[in-house]
């Protein structure tokens, strides 16, 4: 029924009975509960405005390859997180345009160019061990159409490195800050700027780091306002939130 | 401005009006970034673009009244959070325009109209016990110049109440979601919309709620992307982050 | 039956066929309650009314095969949870009717048809990663004689998927809800229906999910009444509880 | 009734008494699911089939009295949990039929007789300190129309006391088991019977009881199947779940 | 005795004095173990061999006074722990022989002399803040008939104080060691002696002591063997265990 | 110096200047701090009265074999815990009398018969998964010279199994109770007997068992007095404590 | 001095003024290590080289006054931490020179001038709420004879304030850093200097600060080396450690 | 030097050799502090006064070899922690002077002799399982130029072993104390001496040791003052802090 109603609407557009503007407006307000699409994720991706993402952990290479192919076959762009070179080799057989981002452990299939987002995201990382998470964020944001500035190895133990980059950070519209161990970087960064900060604790560290708990608690207790925290190691989620923030922003300051 | 004052200093060195030794001494004491202000809080407020806020908990009424007066005397607007009617009475003697927001436990002194922010913030609260935190967010956002839509008592146990308000939520530019107990509301809201969500766990609940820990963990693990989490009961912080997000946005959709 | 066997023993004492000393000795070795069986597990299964279950984790394939054979040889049906295809191959040599349920990681030997339970159990799962636990519940409930309705991939991030199935869920007599990450689904489901909900947190998630702790706490703090929680990943336990609830119920609503 | 009111509305549309536009407008404001009421709590209570409950903690006596009166004025029965004799005195001025259950810290206003539920609930409590929670469960269940059997002070340290009551427990259709400290009672009870057990950990104990955490973990890890756990000290929730289980059951065994 | 009474019953069946039906009924209602007492606590005290104890916390002075009187009226000795001078005054009206042990927060009514236990218990306490718990242990042990040696203020920060008392400790048959903060004392004491150690963590300390958790974990991880741990602040429990250990011992070494 | 003073003492014995009795007395009181033995563990073993034990985990087979040989070469008996069949093979080349206890993961070299302890230890285990820990306790106690009664698979889910063995348990002088999951068995056992109970939580269980934390907390909060708790999975420690308790006891009751 | 008194005793033995027997007896009662004092605390203070300290929390004003008088009467200087103005009033009656440090909640009685320590301690505090702990450190260090530099309100949210004081911090010989909330300050400070840092987490913060746990974990996981951490709110302990570090240092750099 | 280079720059401005614009630009890119180096780690090492360290965990052998070579090629000494013999073999091909410290899991390349530090560090370890952490500390301190005294296997279970070494410990200028399990050793050591103690909890232990948490909490709650704690297993960090303390000390006492 729902696909039918969608088709009917589109038919009416075709027939001129409904203007495209009207159709767009109606599609935008389509009730969540009854629109119905066979493939749920397609719907969600469309509704929330970003291409599809597959969480690769815990899926077999075969499963991932099949899902990717199903999405790409519809002409949609797809991002796979927490995956491996092995999966890339399997996917690349059918989709040679697939690209593996080794440090980010991500795979992208760009069936079409990304829709560019306004503004700029700065991605700061405290240490080199935090790079896989930072790169997951960077690849995700780039894939979503954002302009990304990488500012790595600026942990608070060497403040001059951070301050050298302060101006660049200040010019970003959103700043994603990735840090493990004591997780102090988001507080310091947020104190320097007037843009929103998305903080990502990482599981980097040992002993009383308790797999990222120390950094997570630190970020939640930031003495600087303007910090929103995502789950431990969740580079994808941070970039996704940053891109939602970018959408609707005025073009970046020159 | 700051680079300018630096250049001025150097010009004076060139002109011989300042000796290199004097310049070195002054540079050494200059605040790294933007060249300092005697009054720190003024500085921070100005730099980050929002009026001043005083965290009232743990301060005596006298202390709060003195701080408020010092700020207001400079013509600045001031917000006090976690405060009481008793403090309001003391402040109102010198500042009759001071207003107490009982449910939010906030006090505001509006020495000047707020600078209006573009867009709109929806503030959702799960239950009536979450209202103090939600109101702290609402008062803060209003004080910062935001247009606020209150959507209260829409906990997931009665989904129809939430769905009735879905369209309003969807039209907001940022959504602050306040919930205690199992903290499920941010996940559900984020799944319905394409704007960023700022999630605030509250300490509402008992037993295994562990003073907000259950809601906090739930929000950090949201299966919906696009959720940034702040500290337990931190309504102020959530509104502040939401206002940072609003700044720079295009005017709200009509 | 048991009181009867007790009376028979006492009759024999009265008749002199058994001396008081012998009776005392036999009574001393009788299980306290209902008067025993040499094989304890047989006893428990019979007493509590469901066929036997073997928890496979931590047992060698040889051990499991031996236990299964011992039970099946008595004509009893047997369920093995947390097991593998390797165990199935070993069991199937002696019991070709053994069946392996791969996703549920369960093995069943149906030496006789199950005794059908009245009513219906709906098993809801939030995400595809929760399926092994959901399937453990489904296989267990089916094995116990229940009619099971699988309602999978209805996580709260895509509410329309859940609402599409709301009517089916509402018609069930008991609902088992399986969810990891933020564990919000039981609260939402319980708010939609008037049947008891058995909630199963799963260890799905990462970082601050803390191996299921986040989902567990969320479910214990459900703002919807009518939710009973079992251990993390305990699909078997949830189904068992659901079947106990079904027993004694009137036939399902038409 | 709700479907009826929906039909009535549609009938009126058919008869012309209500225009389609008016009907559409009214339907648009109806709660999503089952067609709504202005007063949310009324709706939920009706939909889920039990009378209304007010969680008294954190509400002022005046607030509680007002809510109670509003509900009672509609001829509905109402239960207030976590309340005090002070509230009772205030309520009793307008509603002399109000009754205070001191040990349960509950207040009931029985504007009409309860609708009797089939079967029987046994409520077991381990120690005398657990009685407030057990009584909250007992008062709730009675108020919901259930027949309740109180079996108190049967902690596992004195097993004979429990075994003395084993037959009574076995004859119940659902058993609510309340225990603090090491929380062992639900495991022992569930091992003796073939009915579902609802386990309520209490915050009774000190030191490493950690306010009920020890009992909670014990109950979640019960080696006996058939146990569903609710939040710490949640006697109301346990009774509510037990009553949901009772509904639809065949009359109790004679 | 119990097997005897069982045989007697069976003899009567054989003799026809009791019908099998009657015997079955009586067996069914017989407490499993030792054939019951109307008053449970009396039973437990008698069975386990020590006089009665009342845990005073959470009981009103009136309740405690009533319980004490009921027990004392039967000529039994009674110990109340976690109580106050106020309770003592109330009890002393009826029982002038009641004695209040202020530091131990205990009340004793010695209706008869204690039955002396063989051997000796040394009770070591690390700091002066641990004395209430240590005294609860000392009063309990004395009340149970043990000879007690108090060895206080021997924390590991001043090892010479402990070593000065080493010989006394070594001569004890059981050693109760009470310590808060880092809880190191039981490890050190157990390394010096060849008697069993009962370790009692106290909630003394602040910050990362987490109300006794630090001391508790330390004691459970003692590098010295021969240490059994009881709950935080459980001086009574430690003394009770120590007295159980004493019973059956040969007279102390001269 | 210390070995020298020991030699001097022995010389004087040789010369008749000191009687052996006097020498024994002096050796028994030798101060801890200055006696000095090259091999510390020999000293500790002698002083505390039990043969030597080697904790095998984290040591290489070669290391263990060397240590064992060094001890055995002095004619002393030795126990290795947490070890493997591989280590046994290596040790057995030099010490064919070495014996491996597979379930207990222990290795013993009995260079001489154990010195028999008075009394009897009952070792109760809740489930079959607890057997490795229970066997570690049993092998340790036997090695220390104790008479051991194994009472396995008596978990509280099947109370009749436990009650069948109650008399045997009651006759023991000390009872070691091993249980994982909800850890309820020590409470139940301690309620049935009047001997000290040494409780051993095991890491058996999953999910909210948190690797033995649930059982540990339960045992610390036992509502039965007379329970001392050791570390998770510490079967050796429990047996060692039980043997310390046995020493000095009168012969067991007939 | 202590070695001296030992020598004196031995000299007297040599001279015949003390018999060997008397000397042995006196030596036997001397504390193990270094030759003891009847009054333990006196001994410890002297041995470790700092005047005496009394932990005031949990002691009555009368108790504190008595202890202070006993120490002061011996001409010793005394510091009381965690105390109140009420105690000061009581002490000041006998000791008018007693001084109360309100913010530090400390009381000092300076019966003699402090023995000056070489070098300088910088005490940094992140926020004004951390001042009571910072002042406890400052008063303690001053009392111990150290030169103290207070550097307050230099939290990482306003980095310029900290950098303004960087040179002063760098010139200190030891730096005590006090911070609550996310506890980031020690990492930042340690990265700027080459002196040891003593980090003190405070319980300042709310929600996920968990009473100082967040700051504690952050400090333990500092990405800057050279940081030693003390207990939450333990300003005294930090200052004590800093003073131990100062002792033996060369005079401060000019 | 740095103030000097700043002055030189300003002199050139005065002389006209550098324009104010150029000077402003160069100042803007100068590292905050002074000096600025392309290679950050070089900078940090120089600034903080110790040679470079590489944390080996999580880096590939190739990465470590490359980093080591880059540092060594500049004539600098380098220490790699948490590494393996495999890495050593790779490094040794280019740098035959590289040395592997197996127990410490460290690799050093001594391109030049260390700059000797004044004083002495005693490194105490409780048990043999703590040696890898203790050796990491010992190798680090030696590499930093400190004189190290190893005092191993002095756990509190055998106090005489510790007391035998007390004099040696007392003569050290700083004492690093390494302990797992109950972590009691730092408290005992700090009570014996008047030098600062750096405490290192290790993850040695099992069950309720919770991977070093028990030892960590114990050390933070030490009843002896003068203890600074570092992260679990952080031997390097402890030694680094100890060396910072040594610097600036007067030569050790003779």
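In order of appearance the chains are A, B, C, D, E, F, G and H, and numbering begins at 1 in each one.
In this text, a residue touches a chain if its C-beta (ideal position, glycine included) is under 8 Å from a C-beta of that chain, and two chains touch if they have at least 3 such contacts.
Here the structure is a predicted model, which means the values were calculated and not measured.
Averaging C-alpha coordinates per chain and comparing to chain C, the farthest chain turns out to be G.
Centre to centre, using the average C-alpha position, chain A and chain G are separated by 50 Å. Mean C-alpha positions place chain D and chain G at a centre distance of 56 Å. The distance from the centre of chain F to the centre of chain G, each centre being the mean of the chain's C-alpha atoms, comes to 44 Å. Taking each chain's centre as the mean of its C-alpha atoms, chain C lies 42 Å from chain E. Of all residues in chain G, those that touch two or more other chains are 32-33, 44, 157-159, 163, 191-192, 207-209, 213, 216, 220-221, 231-232.
Looking at which chains touch one another, you get A-B, A-C, A-G, A-H, B-C, B-D, B-G, B-H, C-D, C-E, C-F, D-E, D-F, E-F, E-G, E-H, F-H, G-H.
Note for the complex: chain F touches chain H at residues 32-36, 40, 43-44, 57-58, 201, 203, 211-213, 216, 231-234. Interface of chain G with chain A (complex): residues 126-127, 155-159, 163, 181-184, 187-188, 190-192, 205, 207-210, 213-215, 217-224. Listing the residues of chain H that touch chain B in their complex gives 3, 6-7, 10-11, 13-14, 16, 20-21, 23-24, 27-28, 32. Taken together, the chain D residues at the contact with chain C in this complex read 32-33, 44, 47-49, 119, 163, 166, 173, 191-196, 198, 216, 220-221, 225-232, 236-237, 240-241, 244-245, 247-250.
Of all residues in chain A, only 129, 153, 157-161, 163-164, 206-209 touch chain H in the complex they form.
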